[in-house]
């Protein structure tokens, strides 16, 4: 009976593995009414986007600043459009931006799902505490979304 | 003349009677422009959803915690999507989650309608006070929605 | 060039004259991309809706309370759905509900347009001060909406 | 045991009777921890304040506009500072500003108490519906505040 | 080094046991910089406050409605003044108002602590899920507040 | 994989050059999923819209006041509908309204992009600081939007 | 009777004339319960504060960016602390930051007062439209604050 | 002239170095009107606080969950009380909680200052982009606060 509409789910975080594709595949197979949102996942493009568009910088700080600004136009808008935010942490890189987006989403009152291996549990305890669920596999995230959006 | 668009109405609370179906039937017969939203209403599925998806727990507390988290991804999103929230209280179970969702909806400024038998009046006085209307039958809720959405 | 989408305009206030129809006609003729929202404008139906649906009351106060609650499900939702709120004051009745809705809209940050005859100017000065424009005819309101929504 | 702090209570509405003084007297006698906020209650001063400070206007509309603007600096700030808003309606004048402030307070989520004679019940039904209590005498308002602030 | 100021802690829920006094005693002994807020805890006074102040009602529904309205002036203000909300559930009565206030606090983004016996775990799973901590004794709540406010 | 939906982009500021057309052309050529929003860009129409619709004024101040009010119905609504706000500053005129809209958008949490020549850098430093990116050409803005909305 | 507390008034805008001192003098003489807030008004200090504290920059853009960031820590906090915001525009410089702060304050719902000479009327029409009052002299601003805060 | 009141500054992040003491010393020496807020900085106490107060857990995940919940009562309240948030990142540990709190603060609109060594620039680019200033030493933070709070 319920007609729960289309859900916007923002997939934040790690860009060096295929977790987004696995969630997209799972959603397609399950026929869920979910629209996926994502940051720019081409690492090089993401890092250089500021200077590529707005001109070169000598200082690394300002090069990064420009790139992060252009990327924030996208990510801040997606965080606001999202009904649910999934944040993935991998074992490489510090991914402070993923934790930053988790905090931003939490303050906006968006339900949060975290996705990471068990060995990151202690390091991520504050972020996991703010989440409604902590998954270890993309397939678990698909099941959470199936439960959330089921008619 | 008015074109009031589609209204999202979230039906919160009791899952052991057919009140949602009766409202859905009434809305269909009346041809109202209303989309119904609802929590997972299969009790067993709802209770076990956390451990089914995310793995078993020995402690009852954490089993419940996991299940409530997964369910909250759905219910918090529906509370935000809803234009109007209807909360049903039955005479069995304590249904603290129904009262919790009523408080959440009230703080978000969503118009609230309560639905319960007359003998619960005293116990529900604070929740009813926050509601715009208190109905005793699903058919009355349909009439309220007909009045609210009429063109 | 601009594609400003459909605008929801809520027509609040006086229900004893044809001002809503005149605005609707003007919008149709001008081909504006505006969807009109309105309260229940059948006065008797509006007054009795509470007791008609939820059962009779002996006291006038509670009869009114019930009716106002059912109507508020509609009006509070329309105030939130609206992009712009137009409030009409006539020379009969005190229409405190119209002024209440103007205050509610102002606090939500919705642009407000008032519509009334010149002789009400002094009595309505606080409401007019909160408005972006004060019109004397429905045709002026149509022109304001034409300007607001023009592509 | 509770230490509920000082409460700011804004007394909005009618300026032609002594209701504010009666509430102030009652609060003093009861020793309540309440700070009273109020609009400018000298009618002439209030009406002329715009042109007195900012220079004369030929048109009544703009004279009122200026005055209402200066007064709004005060009243909008007091509405935001207030913990509770009491709105008084008398039988003279249309007092649309009182209803406007009630709507503004309601949208900000401030608890509202209305104060008026029984014969205004029908005309004020929408405003009363948004209030937590409707009193007929200032002494009842004092009792409500005593109950609200009691330690 | 930190100077964390005075914290307002609202103690919501059960009024038939001495849990508030035990928290107050613990806070005093520990010398915490905490100001406690509480609803009216005299049950009879709370139930009758509406008709005592505003006049009698024949119908139980409206008697309760009046009382709940007067009490809501207090509780809604305290919920907004609070930095932290503690909600106690006992094994008697349905205490829907406690769950309602928990939902209200959660939607306002106030950190929530629940306090109840282990046998209520399953019934309270949704409320506990929204809480930052679930305690079984008032002394545990004091320790949580000591940790939260420590300089 | 991402389906980022249609983005509403409000083009605020300068109305005496063809920058909006160049952005519109770029978006069309790039096939971006962007809907452009804009103020009334016919300068004379914009200035006179108040008196044209609502009647003449002798004083320039009130003529401007009326016009600015009618225009604000449009611009405030567009600022709220927008996902991203682009603000253009030219070298003529003081364009305080452009800076005002930038501040308004920033306070609403909308990502901001500024567009101006290098010689305005010092004068615009506070506005640029609040922006996610500062472009010098419309084509750079198109590239930022391409990056923001790419699937 | 009213005890309106201390008011925080933020004086934004022009830093090259003595208008803030004249307002401060007027407030002191009138004995108003007003606390004045202000940006850094030493122009050179304000411009260089970023590089002075955080190290030199070769590019003018980044030098300004750093300075504007440090100043924004102050001004954004003062805008949030303020009950009322007064914005002064002089005839020199473009003062886009003043208009930016006016827009920021308006979106936060803070009552706004503008202060400028008559010849700026047309250029400032959108900002003035969002203000509750437009003064030409600091003394008028003092009178507005006297009216707003009078007990 | 300005009387900018006491500022609450929350020092979030790294707990293994003396940066907070250096800021506290600097503030004391400079005589700034700043009250410092901080999380529990005793690492062991912070990690064990959940099980110490609320009872032991076998699973590391739930031990961490309990501890993070108790700590969140403190940190979420401090984030809301803060006027300005300073976030320190060290070169050890992943400090996802620091980035989470930065995101939370940004979404609440609190001015953010980051503090870290130059070699973390690239990894922290998104967090730094959301900040008003990025410092490398505690002494620079003191200077920023001196500038922000100067009378």
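As written, the chain order gives the labels A, B, C, D, E, F, G and H, with residue 1 at the start of each chain.
Following the convention adopted for this analysis, a residue touches a chain if its C-beta (ideal position, glycine included) is under 8 Å from a C-beta of that chain, and two chains touch if they have at least 3 such contacts.
None of the values given here were measured: they were computed from a predicted structure.
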Check: Starting at chain D, what is the smallest number of hops through touching chains needed to reach chain H?
Finding: 2
Notebook entry, point to check: Looking at A-H and D-G, which one has the bigger number of contacting C-beta pairs?
Noted result: A-H
Notebook entry, point to check: Same residues or different residues: which describes how chain C and chain D meet, taking over half shared numbers as same?
Noted result: same
Notebook entry, point to check: How far is the middle of chain B from the middle of chain H, if each middle is the mean of its Cα atoms, in Å?
Noted result: 39
Notebook entry, point to check: At what distance in angstrom does the C-alpha mean of chain E lie from that of chain B?
Noted result: 24
Notebook entry, point to check: What is the distance, in whole Å, between the centres of chain C and chain F, each centre taken as the mean of its C-alpha atoms?
Noted result: 29
Check: Where in chain F do residues touch two or more other chains at once?
Finding: 69, 71-72, 107, 109, 129, 132, 134
Notebook entry, point to check: What part of chain F is in contact with chain G in the complex they form?
Noted result: 60-61, 64-65, 67-69, 71-72, 75, 89, 93-108, 118, 121-130, 134
Check: In the complex of these two chains, what residues of chain D are touching chain G?
Finding: 8, 11, 20-21, 24, 35-38, 40, 49-50, 52-54, 66, 69-74, 76-78, 80-81
Next item on the list: Report the residues of chain C in contact with chain F in the complex, numbered from low to high.
Entry: 1-5, 7, 83-84, 109, 111, 113, 131-135, 140, 143-145, 147-150
